[in-house]
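In the two assemblies presented below, chain A is common to both, partnered first by chain B and then by chain C.
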Partner chain A sequence: MIPLAPVLLLAAMLVPIGAGLAATVLPAFGWLPALGGHAPSLQPWRDLLASPGLGRAVALTIGTGLAATTASFAVALALAVAARRPAMARVVTALLAPLLATPHAAMAIGLGFLIAPSGWLARLLSPWLTGWSTPPDLATVQDPWGIALTVGLCLKEIPYLLLAILAALAQADAMAARRVAAALGYGPWRAWALVVLPRIWPQMRLPVMAVLAFSLSVVDVALILGPSAPPTLAVMVLRLFADADLARWFPACAGALLLAGIVAAGLGLLLLIERVAARIGTAASRTGRRGGTGSAADAASMCAAILLALLGAGALAVLALWSFAGAWRFPDVLPARWSAAAWQAPMLRGPLLATIGIGLAATILALLLAALCLEREQRTGTRPGRSLALLYLPLLVPQIAFLSGFQQMLVRANLDGGALALVWSHLVFVLPYVFLSLADPWRALDPRLARAAAGLGASPARVLLRITLPLMLRPLLAAGAVGFAVSAGLYLPTLFAGAGRVATLATEAVTLSSGGDRRIGAASALLQAMLPLLAYAAAILLPAWTARHRRGMALQ
Partner chain B sequence: MPRRRPFYRCREPLEWDPRMTLARRTVLATAAASLAFPARAADWTSIEQAARGKPVFWNAWAGDDRTNAFIAWVGEQVRASHAIDVHHVRLRDTSEAVARVVAEKAAGRTEGGSVDLVWINGPNFLSMKEQGLLFGPVLDTLPNAALVERVTKPTVVDFTVPTEGFEIPWRMARVVFIADGARVKQPPRSMAALGAWATANPGRLAHPHPRNFLGATFLKQALVELAPDRAALASPAGENFTVMTAPLWAWYTTLRPALWRRGTNFPEGGAALRALLNDGEIDIMISFNPAEAVSAIASGTLPPTVRTFMPDGGTIGNCSFNAIAFNAANREAAMVLANFLLSPVAQARAADPEILGSPTVLALDRLPQADRARFAAARPIPALLTDAELGPALPEPHPTWMTRLTAEWERRFAA
Partner chain C sequence: MTLALEAVTLSVGPRTLLRNVSLAVPSGEVVTVMGPSGVGKSSLLAFASGALAGGMTATGRVLIDGRDVTREPPHRRGIGILFQDDLLFPHMSVAGNLLFGLHPSLRGRTARRAAISAALAEAELPGLEHRDPATLSGGQRARVALMRVLLSRPRALLLDEPFGRLDAALRDRFRGFVLAAARARNLPTLLVTHDPEDARAAAGPVIELAPPAARV
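Entry: the complex of A and B
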């Protein structure tokens, strides 16, 4: 079992991606015998190009994707720089956990309830300040330029990138370099740009790439906050896949491939920018300018952090209000009648159980595979080299480019809509996060403990069970919580692999956000946000409890 | 411009089930259903036995909470009577289910399919029927099908396409408009007047995206009122599409800038539209359910000031159907469920304005007195139109009109 672990781990991720991509590429060039496509052809591409609004959809996709990534990275960096001040550090730490734990869809729904023309912000200010007795006809959500979509993406990606920066800082010992720069008279911001960023960038490259790929291909947030006529390319492709006219399956596959091409081009662009930035940085360092104290930039960062906190907290608060609202008309600041009916809606029970079940199963499998891989690494003393980059593949390939193909594969194997299909499709996305969270603590484990146990005659299995796993309990649970949070947020994999038969809180929240009872939608989004929080809480409290008699571990 | 048929479009159903052809012939031969009744009764008992204890996956659009609650109620009833577990597969769009059946056919799954019963209409039905993706004819196998009103209600044609027993009617739908009576004192009485009202009140009218059936219905209602030759709409759209739709596009081009968000963004469907009316973002909405205002007031999703109205020239009405996929795993259970939906008990509950408010598909005069009494209106309700006010429904245009209207709208206004 243990020697096979790396193969199993990679196969669990790469088989769906590889087979799924193949099943997307072939119809994109006219080959899908069951629908009458028997010969290679470019007709699917001609049909795709003839789709109304394709040009604007592509422009919207590229615009929002680049804007969200650039803004998120810039703000995350600014927050990291400004966090050298203790006040800022407190804000940043308080901000990180709840924003990270809230799934994209739940955050987007809350943000929509907050900033819509009839949203909570407008209600708080009307009519006494704005004079509005009815909501203004302003496109503050689903605007044609995708601004709301970009803001919604930033709200989730800034914390993610900030976390990645903080992790990279700890590893690269970059702060020592900053202190040297400070001693040479460089201001904090300039020192960051010239000596810290180049050191942490190698560890940041893949997370930034994942953010870019995600922003370009996101579906759930785009359905909630993005425009509808035309939508982003990913949403357009999803609609083509679901069209009543079955012939649209062909241009849908072509569109999915186009999206994959855009993502690939975006990643290429990123590598290009990296080179250019390196040149500029080198040139800038030669000028010898020291830069100022950056107090204005610090203030701006503080404002950004406060805005982020307000938007995040406001989004969650308005979800809570709506879920307990009876009737809530514009411009009332609070509901006129309260009701807990949404929380008793029987339609939430099934999705709740499905979310928990799929999440637990996928997380446990991922933990098992990752732990076995790392244990094998430890025993053989070999580190995976470049194959580690494959872990990022599920985060870099657009979901829609392989999930429809994967669905076809599942149907062929008569697995679609079953528990196995759902858990597997979630596992593809849970595995990378679980492995990456678990790898560092596992590799940092003092090898002398295992050697001492072996010296006392313990078998490798006994060492694993009695020494390694108990010591790894905290990282295991932390990685598990991350994996569970990822699973709870997955929309498209559930939609495709579930064959529409299985609703999770993610699919339910997105479905209800496009209409339906706002109160039940709010309850399901809030529930979706609470599950990961509970998982994180368990990951903190459980090891503290089991280690309550062991001071050394409790202090870990 | 007519849409080219891509070369890979299937022209013929790929598989012919001999039983299917045979059964169709039988039904055609015995139009007088009662002749075959004794034999069918025996068949039905065996179908009921085969269905007992089975699950049934009912793929039904889930964008309406009252319908979802009704489906849940149906599930309880059928579980009690036949030990059948009804699973509501909640669709955002019916085409999701169609796509799934296609995927299964593509993968060669001719039995044990995941879609048992599907709530279906118009273009989706035409598409599935053309591709041989439906099981049937099945309608006259159901005992309660004898109660269906087939002459004065469009229960055996779906958007003018004969259903040939492949579809089982279950509820009637009717276009009405809902306005906030506190803000609209004189509701417009035609689509032309609605356009004028919108121009006078910019930003206060919205319709769903025409990709959504309610959005397409908004265009169809205007088409039916504005087309130079209404009778031509009963046949497939052809060369006459340009001439027939010219007044519609002229009307819409004037209307669009006066729509909510200046016609640049559209709510996803009826529920999103209702949320806009409730939030006060718009004053008038279209609905496909004459009782929507009543139940929405009751549930707090519309203010008590809303009223239902309709154009003087009448509105489109149609029938909602269920169909069984050609490869359904639980065919018998799906039939039992479809039969229950045609029972007077289920139909009366669906017709209750406090529950669904969907007019029945049954011929009331054919029901026993006790069953007929179930349909008696409990009391007059202010937000509700009476049957007399509703009047007879205008027929749906052929599905090709809807398909081409949507495509042409996207070409003109969404590019």
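Entry: the complex of A and C
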């Protein structure tokens, strides 16, 4: 089992992606016998190009994707630089956890309830300031420019990138370089740009790429906050896939491929920018200019942090309000009556159980595969080299480009809509995060502990069960919580692998966000946000409890 | 009981770390291997215990009581090892650590508990069974680690600079304690160190390893 672990791990991810992509590429060029496509043709592309609003959808996709990525990276960097001040560091760390734990869809729904014309912000300001007694006719969500969509994406991607920056900083000891630069008289911002960023960028490249790929191809947030006529390309493709007219499957595949091409071009652009930025940085570092104290930039960062905190906290608060609201008329700031009816809605029970079941199954499988891979690494003393980059593949390939194809595969194997299909499609996305969060602590484990145990006569299996796993309890649970949070947030994998028969909180929240009951929608989004929080809490409390009499475990 | 290494050559890639090292440790004796850091002392012990790091290649044989154990996995060799750090398992109590080490042929909860208590008494740590290892002093932890190895009934003992982390006063006492315990059990003991004081105390043959450049 253990020698095979890396193969199993990679197969679990690459089979769905590879087969799924193939099953998207072929129909995009006319080949899908099951639907009557027997000969290669470009008709799918002609149909796609004839779809109304395609040009605008592509422009919207590229615009929101690039804007969200650029803004998220810039703000995350600014927060990291400004976090050298203790007050800012406290704000940043307080911000990070709840924003990270809240799934995209839940955050988007909350943001929608906050900034919609009838949203909480308008209520807070009406009628005393605005004079509105009915919701104004403004497109503040689902605006044609995709501004709400971009803000919604930033709200989730900033904390993600900030976490990646902080992790990279801790690893590269890049702050020592900043202190050296400061001693030479460089201002904090210039020092960051010239000596810190170049050091951490190698670790930042893949997370930034993942953010770009995600922003360009996101579906759930775009359904909730993005415009609908025309929508982004990803949503347009989803509609084509879901069309009752099965002939639309062909242009859908062509559209999915077009999206994959846009993402690939975006990633290429990023690498190009990296080159250019490196040149500019090198040239700038040779001028000897020291840069200012950066107090204006610090102040701007503080404002960004406060805005982020207000939007994030506001989004979660308004979800809580709506989920307990009885009658709540515009422009009342608070509901006139309270009710817990939404929380008792029977329609949430099934999705809740499905979310927990799929999440637990996918997380446990991912933990098992990752732990076996790392154990093999420890035993053989070899590390996988570049094959590790494959771990990022599920985060770089647009979900819609391979999930539809993967579903075709599952249908053919008569597995679609079943538990195996759902867990497998979730596993594809849970595995990278679980492996990446487990790898560092596992590799940091003192290998002499295992040697000492073997010297006492303990077999490798006994060492694994009695020494390694108990010592890794905290990282295992932390990685499990991350994996569970990822699974709870997944929308498209459930939609496709569930074949429309299985709903999780993620799919339910998106469905309810368009014209469903706001109260149940809010309760469902809040439930979706609470599950990861519970998982994180368990990951902190459980090891603390089991190690309550073992002071040395605090160091593990 | 004897431990022997025969014609051991260790290399990292094209670089040869140790060439053709042979030594024999008779029952109850301590052979000391000395040399500057990086010369391959610890790798020699890793080879003997069967835990050579990936990327290293080795030829040669490890013999216990004349039996070739070179192909045996580490846990079947019956070679106990003490490191510079005590490496007590932090998630187990003192008794848990010792019971983990205690040879499985001693059966029965009561008998095993009694063996642990006797070992703690021998180490002048009576009654510490239920303590968290993290709450012990450095010297106490070192003695628990030694008892853990001895309870596993090894047929040879490897000491990988086990006195280096202790302060001077403690080092003398612990060294005396370890050497006496090993002799009392007739264990062939291989000690790796760069402290000449250790070699003197061991009062056995000393093998000096020189850096490859200085070797002819």
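Criterion: the second predicted complex is superposed on the first by the 553 of 556 C-alpha atoms of A that agree within 3 Å, B and C clash if a C-alpha of one lies under 4 Å from a C-alpha of the other, contacts with A are read in each partner's own complex, and residues count from 1 in each chain.
Throughout what follows, a residue touches a chain if its C-beta (ideal position, glycine included) is under 8 Å from a C-beta of that chain, and two chains touch if they have at least 3 such contacts.
No experiment lies behind these values; they were computed from the predicted model shown.
Novice: Looking at the superposed three-chain arrangement on chain A, would you call chain B and chain C a clash or a fit?
Specialist: fit
Novice: Output check: A:511 vs chain B and chain C. Expected answer is one of first, second, both, neither. What do you get?
Specialist: A:511: touches chain B, not chain C.
Novice: If you stack the two complexes on chain A, which partner ends up touching A:243: first (chain B), second (chain C), both, or neither?
Specialist: Only chain B; A:243 stays clear of chain C.
Novice: Once chain A of both complexes is superposed, is A:501 in touch with chain B (first), chain C (second), both, or neither?
Specialist: first
Novice: Could you tell me if A:455 is touching chain B, chain C, both of them or neither one (first, second, both, neither)?
Specialist: Once the two structures are laid over each other on A, A:455 reaches chain C alone.
Novice: Based on the superposed arrangement, let me know which partner A:52 touches: chain B (first), chain C (second), both, or neither?
Specialist: After superposing on A, A:52 lies in contact with chain B but is clear of chain C.
Novice: Could you say whether A:468 touches chain B, chain C, both of them, or neither, answering first, second, both or neither?
Specialist: It touches nothing on chain B or chain C.
Novice: In the overlay, work out which of chain B or chain C sits against more residues of chain A.
Specialist: B
Novice: Please work out whether A:363 is in contact with chain B alone, chain C alone, both, or neither, and reply first, second, both or neither.
Specialist: neither
Novice: Just to be sure I read the superposition right, which of the two partners does A:414 touch: chain B = first, chain C = second, or both, or neither?
Specialist: A:414 contacts chain B only, not chain C.
Novice: Taking CA centres, what is the chain B/chain A/chain C angle in steps of 10 degrees?
Specialist: An angle of 140 degrees, rounded.
Novice: Looking at chain B versus chain C in the superposed three-chain picture, what is their shortest Cα distance in Å?
Specialist: 48
Novice: Which residues of chain A are in contact with chain B in one complex and with chain C in the other?
Specialist: In the superposed arrangement, which is not itself an observed complex, chain A uses no residue for both chain B and chain C.
Novice: List the residues on chain C that touch chain A in their complex, please.
Specialist: 46, 49-51, 53-55, 73-76, 78-81, 83, 85, 87-93, 100-101, 103-104, 132-135, 145, 148-149, 152, 154, 158
Novice: Name, in rising order, each residue of chain A that touches chain B in their complex.
Specialist: It comes out as residues 30, 32-38, 41, 43, 47, 52-53, 55-56, 116-118, 133-135, 137, 139, 142-144, 227-230, 239, 241-247, 249-250, 326-327, 329-330, 337, 339, 346-347, 407-408, 411-412, 414, 416-417, 499-501, 503, 508, 511, 514-518, 520.
Novice: Which chain B residues qualify as touching chain A in the complex?
Specialist: 5-10, 57, 59, 62-65, 68, 72, 87, 89-100, 102-109, 112, 114, 123-124, 127, 131, 202-203, 209, 211, 260-262, 264-276, 278-281, 299-301, 303, 403, 407, 410-411, 413-415
Novice: If you look only at chain A, which of its residues touch chain C in the complex?
Specialist: Result: residues 380-382, 446, 448-449, 451-460, 462-463, 466-467, 470-471, 473, 547, 549-553, 555-556 of chain A touch chain C.
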